[in-house]
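Quick one: this structure, given as structure tokens, is what I'll be asking you about.
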């Protein structure tokens, strides 16, 4: 058979599972633990089949004791293991916040560099499934506030597959956010790709008129908006931030210098968001390249309501992104 | 009053000319050439020039002396002589 | 009472103008005759003035906008008609405001505020040598990068463009005049020696700054003659003559580097020579620095044009519509003149008249020219 | 506890308890259908099989008592007396729902009946219940707080912190642990070193007891006795109510963690079928009675659906309401 290998088509969920499987297979120090990751197969079915493949030693169901098992991950990491802790959703991570902030993020510093924490915490994030006020948070920006953590948000099939490996290779705690609306997204894994870095932002679409800066679940809303804008003759660049801490300032400023107009799309609440931080950095580092005020499309400052029409109204949408760009580009326009 | 130097006179007269004709670049003035030919100075401009020089240097300028103010160099010499 | 404030026509050839700057803010009082805004026309920057005692309500047209003659630029609240308090009237009611969510910021520059120029535009302007004032004039509300580059491209040969525009404007006006007005032409020569002698002795007695130009004697003489002889001071509209109540003498003033404008000396027949001279001097200065008031442009009821001492001996001027007459003053030169049967050398002025045949004819024109000559013969009475 | 204190099994009382359980069962079954029709969205957790817990426990409560519940709370809400129409409307997300549609299935609230939700974070309700009880104690009223939670919550730190605090301060809390054997998909035995949950409460000096959660009379009697003690100022009490969830954890659950035989075995021990069999055996009820009760329950559910269908959507313009308390102008 001399035919070229057919491109692998898979879902984001399957890509994430492949990443987990590869990590478990390649490094005996790696183990996975979390609520319902074993017998149930994961709340979002990411870990389905891994218990059968790797056994209960390495795929561990935990009690609903977030603080304990996240703390246990920290302990195991500093003692030579490479744990992957799954917190079912970012909402439950709040029960482990003490361990994440007061231990994972600070041990290295408190110990004068003696004790580093090579831990990966995976969690589902985001709204869009009518899960109401306690199950729809998008707290990536919140965690990105904390020095000592790395925060990454795979928005593509490739990143879902390979970011985990890069995170495990990192000597510091990495929080890896998977957006719930992406799990069913299908796509092709880039042929020949064997790794992903977690240091750089990536341009997902080229454009000269405006840049849409985003990450995670909002990436595809931006790409949809950019496609719609292209039909109106507006060429929008889409910059996938990928890593929210540390931010890739160079890539951000390059985009500003290319396009001079910025719309930041962030599912976090506007106040104190990733979008707020990126805006501030642009103002600090590329003010004189701005040809219009920085515009933001964020989630309305309201706990996410249950009904679909209100949830839709609260969240960034391709339509809102498009309107914001149109307004920004309108003659004399400002947001 | 007799101590005003030639360069000061020249500087001041140039200022007066450019205040009357703001679009004139002082660097391009030919000091020997008639202002009328260079910059379309008309009778009103000449009157303004005479009035301003008279006031700036506190000298009387009779009407019949106006022709002596027709170019930059001549105007400076006229002022110097009057002050002298 | 709310009154619309329109872009006035400042000349027969003016079709539009670009608003450059508001000189008044909403809520501010504006008096009759006070300048309210600056517009850029083909002839340059012109202050346009208000004709009412009023309070500025809302500014409708933003700086940088090109609007046709007659466009409503602003709304004024006329104080005489029991207008509501200005502060209240100027502020939109909350109910009228757009919903807070997702509502864009107002697009236009805040009146009186700092110009809204994007940082990138400001930096690029600096690089390209485009001035902030030019940006303010060019931007429709907010100045963007694109505007700067556009402006810089336009500004490459700046002077020829402006002058071309003025040349086109003059051409349009004169073509219309020649097309519509049946001109007749008369000329006469005047012994200017008495006027010249009288003026020399007057000027010898006053400081340089108070001296009077010969040309002004002619303007005053024309003004007095226009007041005395009917049919020359006023407008012809729809083929009918409308005499003007005041004599406002338009004086053709050369703009350095080419071009011509003819703003008016208002009520010239009623002002003494020193007062008229001060106004004339001020007018010339303002023309040459680009700051004329709109009233001065539209107010002229008759025009005087002079070529000055270097000019030709005689000229045949073209009437400035809707006026009906224009007096041309040629070079004053020493010429042989018959005085009491003998030929003597005298300074002689050649006066010409172009007048509208729909209003007057040659006899009236001759009388008008003779009146001017007589007035110049007794300069002390001017 | 003294068996003599138990009220007798009368036809009247039995039919009320059966009726209340049937209302819950019919409501939950109708929800499955409506979820399939996309009328209800988000997470939907049903309590089929656990009706005796809700109905039995509520027999012990008075109007002034407070209830703190979980995300599997339709049964608790109905048993507490919330009207079925607004409850269904809430599941639809309509404005005429109990929370104007903003909460949905997991967040049922009714301040008038002191029903304080509807918490979707496992264990999140326990500390709040402690606080309500603290207020009741400070206000010297006769009210107590009933706090429902599942076996999964027992693993949370909040469970232990709350039990300790309630006992330490002698707070009027009735802890009602609904042990359905699975925390989502993980069996109690796999996540608890000590599977006798009642004994954990004992360790904190809280009076505790395990009860057959499939027997509505047993639950009612145990709850009544425990509530009486709490109300008498003897501090918190704890009931572990052993039950079973017939349906999946939520609508989207392949139930890989248990087999069908197990479910079928438990269904035979279900609270409604056992009560019906028992009452018929005692001659307190016949099949017609059952059919009538079921018919009435279905009719009530249909009118609740109609109520929800009639409801309006909250206007988008009001999206940002209720983020903060709305003060009278």
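Per-chain residue numbering starts at 1, and chain names A, B, C and D are given in the order in which the chains are listed.
To be clear about the criterion, a contact is a pair of C-beta atoms (placed from the backbone, for glycine too) under 8 Å apart; a residue touches a chain by one contact, two chains touch by 3 or more.
No experiment lies behind these values; they were computed from the predicted model shown.
Student: Name the two chains that are joined by the greatest number of C-beta pairs in contact.
Tutor: More C-beta pairs are in contact between A-D than between any other chains.
Student: Please list the single chain whose C-alpha centre lies closest to the global protein C-alpha centre.
Tutor: Taking the mean of all protein C-alpha atoms as reference, the closest chain is A.
Student: At what distance in angstrom does the C-alpha mean of chain D lie from that of chain C?
Tutor: 88
Student: Report the inter-chain centroid distance for chain A and chain B in whole angstrom, where each centroid is the mean of the CA atoms.
Tutor: That gives a centre separation of 76 Å.
Student: Counting only Cα atoms for the centres, state how far chain B is from chain D in Å.
Tutor: 103
Student: On a C-alpha centroid basis, what's the spacing between chain A and chain D, in Å?
Tutor: The computed centroid separation for chain A versus chain D comes out at 36 Å.
Student: At which residue positions does chain C touch at least two other chains?
Tutor: 101
Student: For chain A, what residues touch not just one other chain but two or more?
Tutor: 300
Student: What part of chain D is in contact with chain A in the complex they form?
Tutor: Touch list, chain D to chain A: 41-43, 93-94, 101-104, 106-107, 119-124, 152-153, 155-158, 183-187, 190-192, 254, 256-257, 313-314, 316, 319-320, 323.
Student: Within their complex, state which residues of chain B touch chain C.
Tutor: Touch list, chain B to chain C: 20-23, 36, 39-40, 42-44, 47-48, 50-51, 54-55, 60-63.
Student: In the complex formed with chain D, which residues of chain A make contact?
Tutor: Its residues touching chain D are 35-36, 38-41, 43, 61-68, 91-92, 94-95, 129-135, 300-303, 305-310, 313-314.
Student: Residues of chain C touching chain A in their complex?
Tutor: Chain C reaches chain A through residues 101-102, 104-105, 107-108, 116, 118-123, 139-142, 144-146.
Student: Spell out the residues on chain A that touch chain C in their complex, using ranges where they run on.
Tutor: Spelled out, the residues of chain A in touch with chain C are 260, 287-293, 300, 320, 323, 327, 330-335.
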